[in-house]
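Order of writing sets the chain letters: A, B and C. Residues in each chain are counted from 1.
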Amino acid sequence: MIVLFTDFGLAGPYTGQVTAVLQREAPSVPVVSLFADAPSGMPKPSSYLLAAYAAWFPAGTVLLCVVDPGVGGDRRALIAEAAGRLYVGPDNGLFEIVLRRADSAQVGGQCREITWLPEKLSASFHGRDLFAPVAARLARGEKPETMARSTAPMRFADWPDDLAEIVYIDHYGNAMTGMRGETVAATATVVCGGRTIAPARTFSSVPPGTALWYVNSNGLVEIAINGGRADRLIGLAIGSKVELATP
Amino acid sequence: MIVLFTDFGLAGPYTGQVTAVLQREAPSVPVVSLFADAPSGMPKPSSYLLAAYAAWFPAGTVLLCVVDPGVGGDRRALIAEAAGRLYVGPDNGLFEIVLRRADSAQVGGQCREITWLPEKLSASFHGRDLFAPVAARLARGEKPETMARSTAPMRFADWPDDLAEIVYIDHYGNAMTGMRGETVAATATVVCGGRTIAPARTFSSVPPGTALWYVNSNGLVEIAINGGRADRLIGLAIGSKVELATP
Amino acid sequence: MIVLFTDFGLAGPYTGQVTAVLQREAPSVPVVSLFADAPSGMPKPSSYLLAAYAAWFPAGTVLLCVVDPGVGGDRRALIAEAAGRLYVGPDNGLFEIVLRRADSAQVGGQCREITWLPEKLSASFHGRDLFAPVAARLARGEKPETMARSTAPMRFADWPDDLAEIVYIDHYGNAMTGMRGETVAATATVVCGGRTIAPARTFSSVPPGTALWYVNSNGLVEIAINGGRADRLIGLAIGSKVELATP
């Protein structure tokens, strides 16, 4: 399976063109769009989001990842292997957290710079012209080493292991942080947007209109309001800081 | 075919993860997203919308339906059979209108409570963890009784047979009501947002900027403005009341 | 492959129902949504957008194109052949630029009026009821002449070959014009929204916050701001005029 993690949007031409390339180059491989609205042009929050959601897919999955504000410049193109999954995308920190967690779990973390080049490479759409054909080849079973050479990727040692910021606002207005629930005390309160928010297991366990935090279905600390949009009512956006207060 | 009727949105992670589960569990069954923007967290308007749109699909279709504000609480999970179609989703009224119409047409209306449990069940994403695997099994031909036991679903006898409210705003700003066109006189006028709106067969049969109502392609009374967005220009949202005036 | 070019939106019921028809009528043919947010109800800008993006697909592709404000009125339904691709949609100018470019390149430009009629034809959703079944039949290999008779389509001789207006705003807020890059001097400046904008090859070659224009990956002149949304910051929308100033 090829999984798309991008900031392309679905309605416009980008996801469609990438899907057309994958369909042509690897017709029997199913393609699933996981995120088409990853934090636009922001590799740092995207890196925490990707690490949390990629872990849900089985080993062997190929993830085509494009949050790429430096496209057309001199940033390199990577194939990263981590915990049995293959990631294709730009060398801009997008794979920092995936690689770091693979390192600490000693389950791979191999990086290669893509050396394969398509016949035509546009300056602004490497997702279609470079990353998609490479992802299709990997999904068909071609080896990374036939398209790429070993390299050390850019590393971002100053990024924390868990990011105490909002990294994604979902369709309901719920706000995901870059913190794994397993690193936070179950009784901690979360402080953000001037509010102190207590934990709850489900929406329906607090009164309507009440804010709550919980560990979401992919393991991230998430802030919501029962029956309302947390983003608007609390004033949260990607990058909003979050603090923990352990009682 | 598996048809998705949800309030998940398409761009974020929810539809993608559900699609990945269906792909894994029933790889040869096509998946179509019918609505990913059903009225968010509102089973009542969603129930009228679902009944109108499900009827367009042939018998044998499996509909995976998730508008589920009570997820993780004590609401039950259902498989409903009605008019030869199978519905999987929460017991919160979402299937009320489908079941009621199947009852009155004497074409089934059998309900079962899902007793099958996945290995891992998150508190907030039963669409992925419970409903999708059950829908995949049904689409593969497994019988409902192997996963569920007969039950009486929650019923909402005070809901009308046709809902004189806006239940959906589409991409063009057209506003669908929960009223079937066949229950409304063809010459009736619709009163909403302080306006009295006359019927017309097509957009192009009224001058630009004029409001009209018509029976849409799935049988619902719908309000629009030729060349404009009815939601903004008339001030309509999900839940806005509509009145009929028969001349 | 069947490619969708519509103003339907993806989340609501229209793309899903069209996809269900294609799946049923041509189950082995992949369907890709290229645009679901073409300029809503505006065949003129859509025509330039379609011509630029259709050219990327190989000969033999069937394009199902629905930007159709006159649906249900007396506008005709067409199958157009141009440069080896087949287009299905309304006779309202949507194919004007595709046909004109095929004429000038002497690579076809044959038009037929669809005479085939489905059993049921709604007044408001010919995309589902008429165009999708015809597209599916073409994708299965049926000949246009079995469903349609030769005709001269409506022509719009007063439309320019390249449109100096914004024809699309993408997910990032970048604004595409209807001008092919090959018709514009590489050193020209673009004037719009009261600003004079210089060319650049990539986003990262100008400082953050700076506006630039470039030839996008499908050959159109596009206006953007490095790290920002050009639509909001410059005040651009579909239909905004653009002027060229050649130094």
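Assume a contact is a pair of C-beta atoms (placed from the backbone, for glycine too) under 8 Å apart; a residue touches a chain by one contact, two chains touch by 3 or more.
All values derive from a computational prediction rather than experimental measurement.
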From subunit A, what is the lowest number of touch steps before subunit C is reached?
1
What's the call on subunit A versus subunit B, same or different interface residues, using the half cut on shared numbers?
different
Gap in Å, rounded to a whole number, between the CA centres of subunit B and subunit A
31
Please set out, as single numbers or ranges, the residues of subunit B touching at least two other chains.
9-10, 37
Any idea which subunit A residues touch subunit C in the complex?
7-17, 19-20, 23-24, 27, 40-41, 69-73, 122-125, 128-129
Can you list the residues on subunit B that touch subunit C in the complex?
1, 3-4, 9-10, 30, 32-37, 53, 56-57, 168, 170-172, 201-205, 214, 216-218, 227
